[in-house]
Amino acid sequence: MLGLNKNDLTLLLVVAVLTLFAPFILNPFPADSAMAQFNAGYPDLMQRFIIFGIFAIGFNILFGLTGYLSFGHAAFLGVGSYAAVWMFKLLSYNVVPAIGLAIIMAGLFSVLIGYVSLRRSGIYFSILTLAFAQMSFALAYSVLSNPKFNLTNGETGLQVYKNDPQIFHGEGMQDFPHFFGIYMNSTHTMNVGAWSFDFNAGYYLCAIIMIAVFYLSIRIFRSPFGMMLRAIKSNQTRMSYTGLNPRPHTLAAFVISGMYAGLAGGLMAAMDPLAGAERMQWTASGEVVLMTILGGTGTLIGPVLGAGFIKYFENIFSKINDNILHQWFAFLPDGIEDFVVFIIHPFIGKGWHLTLGIMFMLVVIFLPGGLVEGGQRIGKWIKSRGKSDDKTATTEPAE
Amino acid sequence: MNVKPDFSKGHNMAETAPAFLSVWNMESYYGESYIVQNISFNVHEGEILALLGRNGAGKTSTLRSIARMDDPQVTHGEIWLDHKPLHLMKSHEAAQAGIGLVPEDRRIIPGLTVEENIELAQIAPPIGWSKERLYELFPRLGERRKQEGVTLSGGEQQMLAIARALSRDIKVLLLDEPYEGLAPVIVDEIEKTLRIIKEQGITTVIVEQNAVRALELADRAVILDTGGIVFDGAADEVLANEELRAEYLAI
Amino acid sequence: MGILEVKDVGKRFGGLQALGDVNLSVKENSVHAIIGPNGAGKSTLLNCLVGKLIPDTGSVMFDGQSVLGRSPHEINQMGISRVFQTPEIFGDLSVMENMMIPCFASRDGAFRMHAVKNMMTEKDIVEKAEAMLVDMNMADKRHMHADSMSRGDKRRLEIGMCLAQEPRLLLLDEPTAGMARADTNNTIDLLKQISDERDITIAIIEHDMHVVFSLAQRITVLAQGTPLVEDDPENIKGHPKVREAYLGEAA
Amino acid sequence: YTNEPTGSSVTLGFNVPQTGPYADEGNDELLAQQLAVEHLNGEGDGGCLNTFTSKALKGNGILGKKVEFVTGDTQTKSDAARASAKSMIEKDGAVMINGGSSSGVAVAVQGLCQEAGVIFMAGLTHANDTTGKDRKANGFRHFFNAYMSGAALAPVLAKEMGNDRNAYHLTADYNWGWTQEESIVASTEALGWNTVNTVKTPLASTDFSSYIAPVLNSGADTLVLNHYGGNMINSLTNAVQFGLLDKVVNGKDFKIVVPLYSELMAAGAGANIKGVLGSMNYNWQLQNEGSKQFVKSFGEKYGKPPSNSAQTCYAQVLLYADACERAGTFNPCGVAEALENFEFDGLGNGKTMYRKDDHQCFKDVLVVRGAENPTNAYDTLEIVEITPAEQVTYAPNHPMFGGDEATLGTCNAGA
Amino acid sequence: MDAFILQILNGLDKGSAYALIALGLTLIFGTLGVVNFAHGALFMIGAFCAVSLSKLLQLSYVTIDETQKDFLGNPLKVETPYVESWFGPEVGAAIIDWSVPLSILLAIPVMILVGLIMERGLIKHFYKREHADQILVTFGLAIVLQEIVKYYFGANPIQTPPPDALLGVSNLGAWFGFELPYPNWRIVYFCFSALVIAGVFAFLQFTTFGMVVRAGMADRETVGLLGIDIDKRFTIMFAIAACVAGLAGVMYAPINPPNYHMGMDFLVLSFVVVVVGGMGSLPGAVLAGFMLGILESFASTTWATTTLPGINQIIIYLVAIIVLLTRPRGLMGRKGVMEE
């Protein structure tokens, strides 16, 4: 079905089900319980999971398949965001033209950068992309936000002002991105007993788009084009002596992944109409590299897992403070409570970076194939314990 | 045919090893795949042993196991060289103990000139032939000493690989397809060299697809098939044995 | 007028004249062997034909068109395929995928976006690749990771990949080096069959005289970068200069 | 309205940098905010509730609801700051967001709070834009701004350095840097100073030697560093390294001015700040009742005096709570109304007023100087002048603040 | 004219920081083949060796001085460094004053130890792994190291001044009869870098060590076959690289006060330097370091920024792009090193 084999289809269905039911899955703890801190099912974070998932899926098309490690992909994300906000400023808050332009601009930009950077390979390529992205960042941060010529609004970030043209902005419309009248921030909250689940319009727009582009990425992975890309990674010499020109293949992959990044950037602006320059900084490019490797390079689902992992840490762990720790361990005798809090303290709140760093190391050391490999091991273990469980299919994408 | 060494005395192999190089019940794996399947054979001091078999029979794997390379992993068995337990060593220790391997794809080190390739081999003790002596044996290398090793022609690289092994004071020379890619005249040369080496008392194990040539040179032969030994005996015996020749060597 | 015309090709590497004024004409649908001592410049010559090297002087015409200044994939698309001295295959891909790639290349040209087609639904490609694997006697290895094959198998796969492209000129650089005798014989048969049945010209570099004399209709002997003689196999065998410079007693 | 508290407690969101270069600044803010919460809930010594001129707060939480708080990490990046503010609003039900240490973040989060319908108390933000062209109905700023720095510094500069100076500006190349440069140039030129050059330095610069060297030959006798944080520490260190302060140019001693100071910057710059003039929003050495009370509460709890960003956040939390009490609701529109044109004293800055037109707060501005002989780690700065609020007040439609076009918009109470 | 020379000096100074970091990085990256994102962190640790030593030397005992008051109005606690009470106030003060140069003595063993632990405990297992995995693990490590430093020293920069004797400026132009004031410590820094660079070169040039390591990088297996314990050499190489980075950090501390993320600030730049210099080339790294340093200095002059606004922001990257497009392997890169 859908031109996919059985495994891929299962994977796609599982991903689709997981994303569509994410508001439930990510909010496993009752809203008032101590563990509610670990709930990730609020609109902003769910949107981020999806958006960075898209970004990483796209990045993986380039890196996972061709082995070309771009260290400047955040530039395309940034360009996408700026394009989208400009659409909001000029036309209206409708997200369709915004996302459309985001993809197109990122595509054009990646043709340009890709065409030049792909003249080199290996680390030389990585540094070229890094250099382009850092230049874009520096320009966006200051030069292009020069009051006379303000394209990016610099440090503050590009945003919509009351006096922007917005030529199609209808009377009585809210000042927030919408999909033909469905506002991205409209949320329906469902209370079931002690639990509370948020269904957000923006999230579902992202989710549907992600399922679509995930499907597209499966098709690309399984296509002759995908095979060619893997062949390039494996042996470029053989590739050219087989009569195939590696350059357009890699450029196509580069542009496709740039457009994924642009889409992610556009969605980001659609969920929150502000485009900040630091989205283009090397740390942001580095982040998507880390997401992809962490999840499992070259696997279909890995990058999405990696994206979720990092964003979860950033948003959940950074918010745990000593107060919350004291609440959790309140049941312990005072001395022990303080001691436990003292031990955990360096790892949470402002120490979330430390925990993240440790997690990075643990994952690479013990799971050479990234989180996907972890999943596979668990899958194997479960299988070896009893009859196989359907869920393990998620963690078994090919390659 | 296959003389099993008598290991009944337990692990006191240092004294009991029946030969100069003894491989006993060796098993090796590439990851999960079982490649060298419990093989045992002996090589006596100063002899040339031909290790023959089809593509993929496991010849290279056997040599690599003896030289204690990281892959394949030897998971079982013992290897003794001149009363030293190779199976307990890493590859550089094995090399210092006297193993010299000429790998099948020659493995000339990129970025180094011919001369540096040889100098590199003479850093760790024990040192063997001098550079001058090697250039005498392979004048071609002398001419090209300043050229980057990997840009040599195939045959020249092969010479360099052998020269590199000889530049160390080795007890056992393991040759993985030394004639491959060489002009017939050079093959003659190398064969002569191997005989010279033999006279010096160096023990040699040679893997070769050109079975006839190898058997003419060798004293004894071992034939491998899918990771196991199917023949172990005198070299002439193979040439005489119609069945063996047809089945495993296609000659 | 041959399908391949090499005129006055010269190539220097620094101080070394690797090729000097090579003239060579390969007749359509023939098997032409190039032999010569190691370092004679045979591989260098081949490199000049496929665009890996650009000769300093001279011209190379294939089927009336110059190949010089074209990139490797363009030359390949003109109909020249090459097998390397050390196997160049897609090590990370399966054997079947290795075989499918040249099939795509010959059907779709140097670049075509098939980004959303399912590769397994390309019936013609799959069939062709399967057939080629059967021809090469590798059908059982179809799902293997190409890198984990033994070297003889890799070489066979590479030949298969080149044939799958249905080139008009097939360049082989020591195709049977390191191949077991049985497979060497198979390869000889295969190449014979190809040259008989298909419109294909073969230029082969080989040190295995058995292969050369079984296949070649014409032989060029290269020495120190220049052609020494070009003649029919019978005459080459007996040529004193060739015997001295290359064949040795072995012939 | 958004996040209307229904239970027995109300949640405030403290969004401060906890990682990155401003982590220490953020940490200080967080300490102050926690102290404020304590005082609101009637714990501790009550702090400035004792000195605050508005007596609406009773030490029983806000409107009888116990005050709880959540924290987040802005990473000093607009995106991250918005993400963490959103999480506080969407997940934790925060009704007010407070904190931050840069103007970019402040403007970004202010916009977010406007959209979401909660109150934003801006923390440390010094750029004119925050209450200038980017002002928002739901946002309030307690901190002073670049214009005020200029206005407060100018008379002191004139007094100490005369009216005939050649100033060379090094400016961090982004919004805040530009507005500060603009303000300082305007106010010094009004004194009769000449601006020799204004050079933009990349935010990412770590070594300023190549910007300092040209100063030597430019004929300038005064260097103005429109830098903040690490940039300022390094540029000042480099300037001193090159011996600028030992030079005599045009017959005058060379001087360096750092328009915006903070305690952490002073600590980081070490001995290099000796004698260097700058301005501040607040300093613990201020001797008014509110200040003394606050320093005592803070010092006793944390063993060090509060920084000016800590005081800002502390005051803002109390002010917000007070406004809720006076408005009788948490509805942001009600709260905003209660804050507008609110005048008070007793929170440390002396008499203070929150202007209705742009939600900027007006109070005295301090001009400080790096201490020559600090006796301990905390008195690195000494107060030179307390510039009265009138002197730094400007019209709401001042051109540096967006002119006539800048509007607050309307208050958004959210869903 | 002197402005011009001044910018060249500034460039050399910046360049020597770049060159030193890049030198260590290229030893690990270009020679051992490990993409070490923790290299910046090593630089940072070096700088914090200087900070720690000066803090250690200033460890004090407390006496209460009733005559003075602290900020809360309590009696002031007066701190006297132990060294001052042990060696007398003058010698003690001198020791504290010279803490930065002294910390070289501390930094060498510390950095070697850090290098050894890092290589033996972690990097060793990653030689054969993909670059991507190396990036992830070393990045993780860099974060961890940073956070540990942040935990103990805070996020704010810590002023670490040079000895008083080396404070201030010297007039370098005095001999030639014009004004050319330059900070003493920067001159020291430049000379020190030149020394370290020369030392590393000499070590790799005049011993076979460098050749062995290069060979080991190209083909570990074969080098092992030749009887060489390549692991040991890799470890030593790593320790040297760590040491070079650490020393660069120690000496840099007085130039700009160290903070916990200074490593990250330099990291990307030093990768650019290494690659522009060409993978696997030590002279390349040094040359590129100085070149970029000088170009950066010139790009920050008023003349440059007024002719091409923003050029100072992008110069390094612009140059990197131009170099890499015109010279496939950077300035002096060797073929075949990290090209796949």
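Letters are used for the chains, namely A, B, C, D and E, taken in the order the chains are written, and counting of residues starts over at 1 for each.
Following the convention adopted for this analysis, a contact is a pair of C-beta atoms (placed from the backbone, for glycine too) under 8 Å apart; a residue touches a chain by one contact, two chains touch by 3 or more.
Since we're looking at a predicted model, the values are computed, not measured.
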{"item": "Most distant chain from chain A, judged by the mean position of its C-alpha atoms", "value": "B"}
{"item": "Reference chain E; chain at largest CA-centroid distance", "value": "C"}
{"item": "Chain B and chain C, separation of their C-alpha mean positions in angstrom", "value": "30"}
{"item": "Whole-Å separation of chain centres (CA-atom averages), chain B against chain E", "value": "47"}
{"item": "Separation of chain A from chain B, taking each centre as the mean of its C-alpha atoms, in whole Å", "value": "53"}
{"item": "Separation of mean Cα positions, chain D and chain B [Å, integer]", "value": "77"}
{"item": "Multi-partner residues of chain D (each touching 2 or more other chains)", "value": "23, 27, 173, 200, 202, 204"}
{"item": "Residues of chain A touching at least two other chains", "value": "138, 141-142, 353"}
{"item": "Per-residue overlap in chain C, given as positions that touch at least 2 other chains", "value": "none"}
{"item": "Which chain pairs touch, all of them", "value": "A-C, A-D, A-E, B-C, B-E, D-E"}
{"item": "Residues on chain B engaged by chain C in the complex (per definition of touch)", "value": "30, 33, 53-56, 60, 104-105, 140, 147, 151-156, 158, 177, 180-188, 209-211, 249-251"}
{"item": "Sites on chain E touched by chain D in the complex", "value": "2-3, 6-7, 10-11, 13-14, 17, 68, 70-72, 76, 150, 154-159, 161, 168-169, 181-183, 185-186, 255-257, 259, 261-262, 265-266, 296-298, 300-302, 305, 312-313"}
{"item": "Contact set on chain E toward chain A in their complex", "value": "35, 122, 125, 129-133, 135-137, 139-144, 146-148, 151, 268, 271-272, 275-276, 279, 309-310, 313-314, 316-318, 320-321, 324-325, 328-330, 338-340"}
{"item": "Sites on chain A touched by chain C in the complex", "value": "3-5, 216, 219-220, 222-228, 230-231, 233-235, 237-246, 248-249, 252, 256"}
{"item": "In the complex, chain D residues that touch chain E", "value": "20-25, 27, 173, 197, 199-202, 204, 206-207, 209-211, 213-214, 216-217, 230, 233-234, 237-238, 241-243, 246, 264, 267-272, 284-285, 295-296, 299-300, 305, 375-376, 378-379"}
